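Two complexes, one shared chain (chain A), two partners (chain B, chain C).
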Partner chain A sequence: MSTVVEHVACPFCGCVCDDLTVEVEGARIVKVKRACSSGQGVFMEYDPSPRTARVRGEEADWDAAVAEAAAILREADSPLIYGLSSAASEAQRKAVELADRIGAVIDSTSSVCHGPTGLAMQAVGEPTCTLGEIRDRADLLVFWGCNPDQSHLRHFARYSLNAKGALTPNGRADRTMYVVDVRETGTAKKADHFLQVAPGHDFEVLTALRLLVQGGEPEGDPIGGVPRAELEELVERLKSCRYGVFFMGMGLTMTAARQHNVAELFTLVAELNEFAKCSVIPMRGHGNVTGADQVLTWTSGYPFAVSYARGYPQFMPGEFTAVDVLVRGAADAAVILASDPGAHFPRPAAAHLEAIPTIVFDHGPSVSAAHATVLFPTAAYGVDAAGTVYRMDNVPIPLSKVIETGRPTDEEILGRLIEAVRT
Partner chain B sequence: MSERLTLISGRTRKQAIGMHKGKDSPEYHAATELVEMNPEDMARLGVADGGRLTLRTEVGEIAMTVQAGTLPAGLVFVPMGTAVNGLVGAETLGTGMPSFKGLTVEVEVVEAGPAGAEGPRS
Partner chain C sequence: MMLGILGGRVYDPRNGRDGQVADIWVKDGRVVAADEVDRDRAELVDAAGLVVMPGGVEVHSHLVGAKVNAGRKLRPEDHRGHERARVGDLRSGAGGTVPSTYLSGYLYSEMGYTTIMEAATAPLVARHTHEELEDMPNLDKGVFITMGNNHFIMKAISEGRPDMARDYVAWLLKASRGYAIKIVNPGGVENWKWGTNVRELDDAVIGYEGVTPRRILETLARVNDELGLPHVPHIHGINLGRSTSARTTVETMRTLKGVPAHYCHLQFLSYGEGPQHIHSCEAPSVAEVVNADPSMTVDVGQIVFGQATTMTSDGPLQHMLHQTAGGRWMNDDVESESGGGIVPIVYKRTNPVNATMWRTGLELFLLVEDPWRVFLTTDHPNAGCFTSYPQVIKLLMDRGYRRERFGGIHRRARRGALLPELEREYSLYEIAVITRAGPARALGLDKKGHLGVGADADIAVYSEQEDKEAMFARPRYVFKDGVLVARDGAVVAEVPGRTFYVDAPYDPAIEGEIRAYFENAYTVAYENYAVVTGEVAHTEPVACG
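Let's look at the complex of A and B:
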């Protein structure tokens, strides 16, 4: 006898597609409709079998594991709390509370993703919108340094290129698409116009576009690898469109100019509003990395890289960002939730995590979990735990609990840790 | 034969699917231990699809299988993952963000590949 759960939201990426149908038999998911291959993996690869906590590789009951984790944190002089971005915002709030309680540095996966975007927002603001507005109104799309064809697999269908909306009833036929990238990605192959920028020259191209928008004459041809005539044509389209939207990704945040690239793009978009409606959306990766920024900002005033070591929040990228903390050897214990820095950090940073006691929350196997001193195999938000996540456009979406496994949530265990470190 | 090229890493569908299978799964290893390269660069280096390369930076070195991709000359792409992070340094330029893209790597051919690769072109 199976049960069908409708209107299920997927917690995998920043699209948070909330139109899935999940078929359940007991505690096992047997079918998922409408999810992309990444979303299918979230649900169909989930192992619902009972799991218990572990301390130094040995099975332990949850109370003993909480007590051991609390002892590690009480002993630590400079703990780090890292990750957050696949946890629901209810758990993220608890993580910030724990950081405040124990004087920790707290950082999310934003710092190795759109952290530079956050710095750009602080510097120049963010001319933003919702994905619903884009679906209904946008007739010109520019994807810059991002590849949703591989990373956000239903973005085109639900929100952008192919989506049919109030003023875009014909979907793809009602939109013009540009891609700016250093290589011809799958996304670029779908575009009407592909501008191939020379690696590391995005800032130069963005500056030239700003100048062209204002009627100036940038020097050179090509500019940053792009023929000047192609830039002039793009500017004409941006100034005359009904609604232009930029989507930007790691091609801007991970290259040399980082936040300066993003600030230049955000400024370009703001300036374009003198001529036509224009917005920009960062393509967020983890399902609730946007929520991590939200929660940290509500609670501390800053989106990532926050230290509570002095009893009040301080913000310092490059100092309190996790990679920097670890490479300096500045953390003597770490709490890791909803991420796998053991796999996704540069090797010198991951190596320090293996040298210090770690308290890891993970519903499945991971590199970080394999090295955990204390492992809490908690429930997965959106699968066997309900919660709230923020889509890439900062719209909150509720996650469903589609199966019952009896596992505690990150929020529950963090709450118990907060109480346990008091004693 | 070796050359210095520019590496970018990024997400792929197969990397994500492999991640759900587990980072110790054959799917994850196959998806993340793969380097895409411009066909002219491959011909110059004397390596064909399925050949093996060593990629090296001052941080470390990794072994990868190569396949031709739609990349400009001088640029190589590796899916994000545990393997490529063995090449990434920890300098964040005061931002927290390491250079996952734009790395200079030394690329050395270990095996020319099964497709009858020509020798290096002078």
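Let's look at the complex of A and C:
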């Protein structure tokens, strides 16, 4: 006897598609409709079998694990809380409260992803829009240093290239698509125009575009590897489109010049609004990394890299970003949730994580979980826990609890941890 | 829990008390009659010689939600030097013009305010607003929902179906857990999505046959009346910040003559054409229209010199500000509903434009005769931070101080000004009206803004001082629901606030129409759009009719 849950939101990536249908038998998910392959994985590969907490690799009851974790945090002088990006905002709020109460450094996966995008926004602002505006209005799309064909699998269908909207009834036929990237990605193969920029030359190309928009004469041809005529054609289209939208990814944030690339792009977009409507959307990765930015900002004023060590929030990327804290050996305990820095951080940072006590929240196996001093195998948001996530365009969407496994949520355990460290 | 605040001079305009000495008794969070309290078991506060007022009621402030949080993220430099350390169970925070949520709650408490209205939220992101409100303690709250550029409403107008608009508005207020209809630059924000704006009340809204700013205003005012909402339509008109604003403001007021409506941050909409591209102050002519129509209320949006962060749902206005002021610019177009933007700004008394704006606000305060219809706001954080209210109160109560400050503004803003001739000084009673009783009445909050039996025990106690800024910046005691939350201007405790929302009846058949409409109009499922019961912990429905 199966039940069918409709309008389920997928917590995997920043698209947060909320049109899934999930078929459940008991505590097992048997079928997922409309999800992409990543979303299928979230639901179909979820192991709902009972799990228990672990302390130093040994099974422990949840109370004992909470007590042990609280003891670690009470001992610590410089704790680090890291991750947040796949947790619901309800858990993120608790994580920030814990950081505030114990004087921790708190950072999200933003710092190794779109952190530079946040810095660019702080420097120049950001003309943006919700995804529905793109679906309904956009006649010109420019994907820069991102590859949604591989990373955000339903983006084209639901929100951008192929989506049909009020002013774009024919979907793909009503849009012109550009891709700017260093190689011909799957996304580039779908484009009407592919501009292949020389690696490390994005800033140069962006500056040339700004100059062309203002009627100036950039020097050289090609510029940053791109024939000048193609840049001129792009500028003409941008200045005369109905609603232009740039999408940008780690091709800009994690290559030379980082936040300067992004600030140059955001400035270009702002300047284009003198001529035609234009917006930009960062292609946020994790399902709720946008929420991590939001929650940290409304509680501390800052989106990531926040230290509460002095009793009030301080923001300093490079100082309080998790990789930097760990490489310096400046943390003596860590709380990790909704991420796997043990697997993804640079070796010196991961090595320091192995040397200090860690409290890990993870519903599945991971390198960080394997090395955890205390492991809380909590429920997964969107699968066996409900919550709120923020889509890449900052639209908040509720996640469903599609199965009941009896596992506690991150929010519950963090709440108990907050109580425990107070006493 | 019982409490007695004894022997204070009570300023409670709704109940006609103008400084008379009286005792205020509290039981279970409500003001009660003396005989309901067992004196021996009550906590007694000696208020002899002190001024007792209801807790402050904020009628218009941008405190939480998508736009405000983007403003916080945009301005790390605004937070530095404005940090608050964690103390005991209280949380830390930061922010000068756009404080973090806990800090905002504390700062309002520390001024004696106990109720606030978040001035603009697009329904699509209302869930975000409510999440932040849960993290803003010590205040009861309501949320205004932007509807002046809503596609469904404009479709209903275009198709000549006002009943459909009415049922939709009732549904939308419940779905977003909202409190009032907010109208921001009607039609102009939609046109901004095409790169333009509206300039006149009869300009066309692109894509909606027959829809104009005037028809949007008329329709929503009628809907508001038919639904019997607790508040009136809350209007930010067209041409804000422009030299045509006074003219179109007056035209808007005449269009809605006799129709209950609230005109927010009127200062920003009271300019005319002046020499050398500096807008003229048109406060006298606008105030005259306000005085003549008792159905309307206004708040001022007083400029405070110093840092501010402009943020409105008026996308084209924010772009114009970006072009004028330069610097950072946020824009956010919200599908099917709304838009908005952010531009940080500094108001300088030595800048003739800014100084004229400052003067315009004060003239409005002094020329609108009925204090029950003009309320204290800085349109936080647009004209200044809400923490500047004590300074504005001093400007209103102390004409010597006002003259002195007037003397320090740019000479071109002084030229021909009426302000130095205005002798009026607000009394404590009138301050209690414009910060408490008046806003509560306009908002339809029956248990707020007064200290009669049955009122919520939200109470601020001040020690009277010659310097009114110092007096209002540091209340001796502030009680929220009868709990002491601030003492001597410092927050001492945290209580959760409630969020009021409107639950007006509507024809359920509208849900089918909205559901069908959602298929094509939104990228979020109809089923995932509404904020549902239980999703937010402290909501309280308000019935209508």
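Before moving on, here are some points about what is shown:
Quick note on the criterion: the second predicted complex is superposed on the first by the 423 of 423 C-alpha atoms of A that agree within 3 Å, B and C clash if a C-alpha of one lies under 4 Å from a C-alpha of the other, contacts with A are read in each partner's own complex, and residues count from 1 in each chain.
Following the convention adopted for this analysis, a residue touches a chain if its C-beta (ideal position, glycine included) is under 8 Å from a C-beta of that chain, and two chains touch if they have at least 3 such contacts.
Only a predicted model underlies this, so the values are computations on that prediction, with no experimental measurement involved.
In this overlay on chain A, chain B fits alongside chain C without clashing. Residue contacts after overlaying the shared chain place A:Asp410 against neither chain B nor chain C.
When the two complexes are laid over each other on chain A, the CA centres of chain B and chain C sit 160 degrees apart as seen from the CA centre of chain A, to the nearest 10.
Minimum Cα-Cα distance between chain B and chain C in the superposed model: 15 Å. For chain C in complex with chain A, the residues that touch the partner chain are 64, 66, 69-70, 72-76, 79, 83-86, 91-95, 98-102, 124-125, 127-128, 131-132, 135, 193-195, 207, 319, 322-323, 327-336, 342-343, 520-528, 535.
Chain B makes touch with chain A in their complex at residues 6, 8, 10-13, 16-17, 19-24, 59-60, 69-72, 74-75, 77, 80-82, 85-86, 88-90, 92-102.
In the complex of the two chains, the chain A residues touching chain B come out as 12, 37-38, 41-42, 45, 107, 111-112, 115-116, 119, 147, 150-151, 153, 182-184, 196, 199-200, 250-251, 253-256, 258-259, 285, 304-305, 317-318, 321-324, 327, 340, 343-350, 364-367.
Every residue of chain A that touches chain C in the complex is listed here, in rising order: 6-7, 9, 18-19, 89, 93, 97, 100-101, 118, 121-133, 135-137, 158-159, 165-166, 242-243, 270, 273-274, 276-277, 279, 293-295, 297-303, 308, 310-315, 388, 390, 394-398.
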